[in-house]
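What follows is a pair of complexes built around chain A, which joins chain B in one and chain C in the other.
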Partner chain A sequence: MAERSFEVVKPGLATTVQDLGRPGYYHLGLPLSGAMDRFALIAANRLVGNPDGAAGLEAVFLGPELRFSADALVAITGAELPPKLDGVEQPLWSAFAVKAGQVLSFAFLKGGARAYIAIAGGIDVPEVLGSRSTYALGALGGFEGRALKAGDVVPLGAPTGTGREGASLPKEGRRPAQESGVEIRVVPGLYWHRITEEAQAGFFEDTWKVAPEADRIGYRFRGGKKLDFVPRQQPFGAGSDPSNIVDSCYPYGSIQVPGGTEPIVLHRDAVSGGGYFMIGTVISADMDLIGQLQPHQPVRFQSVTLDEALAARAVEKARLAKLGELI
Partner chain B sequence: MAKTIQAPLPGTFYRSSAPGEPPFKSEGDAVAVGDTIGLIEVMKSFTPVVAEEAGTLLAFHVENEDAVMAGQPLYDLDA
Partner chain C sequence: MQTRYSFGGDEHIFVEVDEEMSLEAFFKSLSMTTAVREADIAGVTEICPANASFQIKFDPDVIAPQVLMDRLKGFEAAAESAEKTIETRIIEIPVLYDDPWTRETLMRFRERHQDPDATDLEYAARVNNYPDVASFIAAHAASPWFVSMVGFVAGLPFTYQLVERDKQIEVPKYLRPRTDTPRLTIGHGGCFGCIYSVRGAGGYQMFGVTPMPIYDPAGKISYLKKLMIFRPGDILKFRPIEREEYDATVAAIEAGTFVPKIVPVTFSLDAFTADPAGTNAKLLEALNG
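This part shows the complex of A and B:
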């Protein structure tokens, strides 16, 4: 066993090593990867004295059970997935001490979707193309390119020593999981003209629900009205369905609607291109929010201008900057 | 004594392994530790709901294909 490590007793549903991602290779088909809720991972890292980009664990819907080989400082943020240490509940959004031999486990999820587990020193798996993030579809990065399994022994880095037990992010600095009234802001995109005016209006008026298959690759929604397309003769190179286009790049956050029925927001592990039209792109400020949506949760899409999207990005940056004052 | 068993994770609850197949368990059935009670589908995978306690299944709180939240009551067991 590595000197500082933890052993996976139970892996949870799909627990992966993630940092802030692997930008710069999307044009080669390699997605960004990294935490679906970047704010939560950064907050967790700050709480234990790690640099923002240290690798932690992303646990979705169901927490893992981990046995520590050495004393460690741990913080859990993001989803409301209550941590327990040898069965005793611990606070969220706070740094707590774990003794060698103790077991970290979790109670049932109470809100949100993805919890982030930061450990002082970070998770010390090898960097691949500048990141420790797991891209499971490509079997790349993270711990052996996959989600954790029972029996894995995961190495930890050396702590900086700046983290302190009891450090906590006050409530006003957190983003609580929203159960109702979730609005996702969208800038209508290049292919907006492909659907009828009624379909354009309907997309933003309808309530959509997160489909259970939504994952790190794409968040699928259903329940709104089928989108009608403006008739055209399909151009050479495009498929025969009206939702097909001549192959194009897919931006991070873009919303494709195959067959006009179920919008899919491409997220951190998305494919980088293909032949489906995109109705628009979710603004960067709201991508973290999507990572915390549960299956069947109702959402609405809201149309914003590029200026509004940039203003929202500035608000997010300010919130991140405030983290330094709060912790 | 009757006990309520909760869903371990959110998703869609199924009472049988495939459409048209008989349910894993019906009300009144005996349950042994390790028995599959149902499946929860989320992120393109089906996670079995496995009994951690033996007893008699008294009642289901959810129907086949219902949306469930983590912690939501799934079934009552007379242990």
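This part shows the complex of A and C:
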């Protein structure tokens, strides 16, 4: 075993190493990657005294089981995935001490989708193109370019020493996972003009449900009315389906609707481009929320202006700024 | 050509240079993205040229969206009058057409195809009015292709053949996408070709495979130290090979002795428009010496 490390006893469903991502390579098809709920990862890092961009673990739906080789300070945030230390339940959104040889495991998920595990010193896998985030589709970064497997020994960095046991983020500082009434704010645009006015109105009126095909690349939604297209002669190179365009780039958060039936919101491991039209883009302030949605959860999309999107962004920034004084 | 600007939420600007694909639209997109890169605008984090459009990602806390939008619009007039000449390179891609791996894969997904009784090559040859597969492959490999976009997944080139529009190969994508495509498959959908950089889902028709990796996440292959080879604006030339050369090339790559054939060239869109055959002949002369 490396000097400071943990061994993966059980990997969970899809547990990956993530930091705040790898900007600058989207034009070559390499997405940002990084935590889908960035606020939760930053909060976990601050609780254990790490810099915001330290690498932690993102566990989806089911937590891993990890045996520590050395004493460590750990915090779990994001989804309601209650942590246990040698079987004894520990608080969420709080820093707790782990002794060498102890096993961190998790009870069943009670809410949300993705939990973040920060360990003082961060996860010390090599940086690839400036980030430790895992991009599994391209077998890049993280731990050997993939989700963790049983038997992996994952190296830890040296703690800064500023973390303190018992540090906690009070409820008012968190962004609570919502069970119902989730509204995702969207700025219409891109190829919005390709659908009829009735379809435009229907998209925001309908209640959609998260489809089982929901992962780090994108979240698919079902259950709303099919979108009707404004008739046109398809442009050269676009392909014959009315939902096709000449292959273009896809913004993060963009909503494509292949065939006009099931909207897909691209997330941190987005495919960088393709040939489907898009009706708009989820605002940056609501991207974290999507990462916490469970399959079958009902969702509505809400139309906002760019100014409203910027105001919501400022609210999120203020929430982050307040983290320091609350912890 | 009607350029259209749209905000992609609060972090992206999307610019559609033209609804339809053309080399003119691609050059204008490339010229505008080059201007944005050279302007080195604070707050711009990603500059992504695509076939007939491009996308800018930015931090609205650093530059106001409308300010950036106005600056982008300011680059349009210059891009229209810019000389449509680029210094680029031509890269030879050896291809085993009608190979056993794509053939096995296409048979597995036959029920998702327009013509379950034909191979992808037979279907593409027929719908493009070629008398047989051999003459279709000859056309596919004869004229070079522009890399008009890199993306979808890591390092994957979208390619557009350097021929007049009436000679463009056009095929629909699979009726429903496959869940599997062999790594390094030479694909085609709509008017675009591609090389699948990794194994995975895909909807393009499959014509063959290249033994030459184009993406190496470990950065170990000699010519893939920067993980991938293609950039928008590169020119490709496919060269048909037989199984023997395919196997020898795979072995040479494993031994670290394979060197891809890459030659610097200048490409002028005006020269190409005036004389496509003559311009292509010069490109191939540069490649083959």
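Note that in this section the second predicted complex is superposed on the first by the 327 of 327 C-alpha atoms of A that agree within 3 Å, B and C clash if a C-alpha of one lies under 4 Å from a C-alpha of the other, contacts with A are read in each partner's own complex, and residues count from 1 in each chain.
Heads up, the rule we're going with is that a residue touches a chain if its C-beta (ideal position, glycine included) is under 8 Å from a C-beta of that chain, and two chains touch if they have at least 3 such contacts.
Model, not experiment: these values are computed from the prediction.
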| item | value |
| --- | --- |
| Chain B or chain C, by number of chain A residues touched | C |
| First, second, both or neither for A:Leu310, with chain B first and chain C second | second |
| Partner chain in contact with A:Pro91 - chain B first, chain C second, else both or neither | neither |
| Touched partner set for A:Leu190, first chain B, second chain C, both or neither | second |
| Contacts of A:Pro176 with chain B and chain C, given as first, second, both or neither | neither |
| Touched partner set for A:His27, first chain B, second chain C, both or neither | second |
| Chain A residues within the chain B interface of the complex | 13-14, 60-62, 108-110, 212-215, 294-296 |
| Interface residues, chain B side, partner chain A - complex | 6-12, 41-45, 47, 67, 69-71 |
| In the complex with chain C, residue positions of chain A that touch it | 23-24, 26-30, 128-129, 135, 137-140, 145, 186-187, 189-190, 192, 235-240, 244-249, 251-254, 271-275, 278, 280-284, 306, 309-310, 313, 317 |
| Chain A-touching residues of chain C, taken from the complex the two chains share | 6-12, 14, 16, 18-22, 45-55, 57, 60-61, 65, 149-156, 158, 165, 172-173, 189-192, 197-198, 200, 215, 217, 227-228, 230-232 |
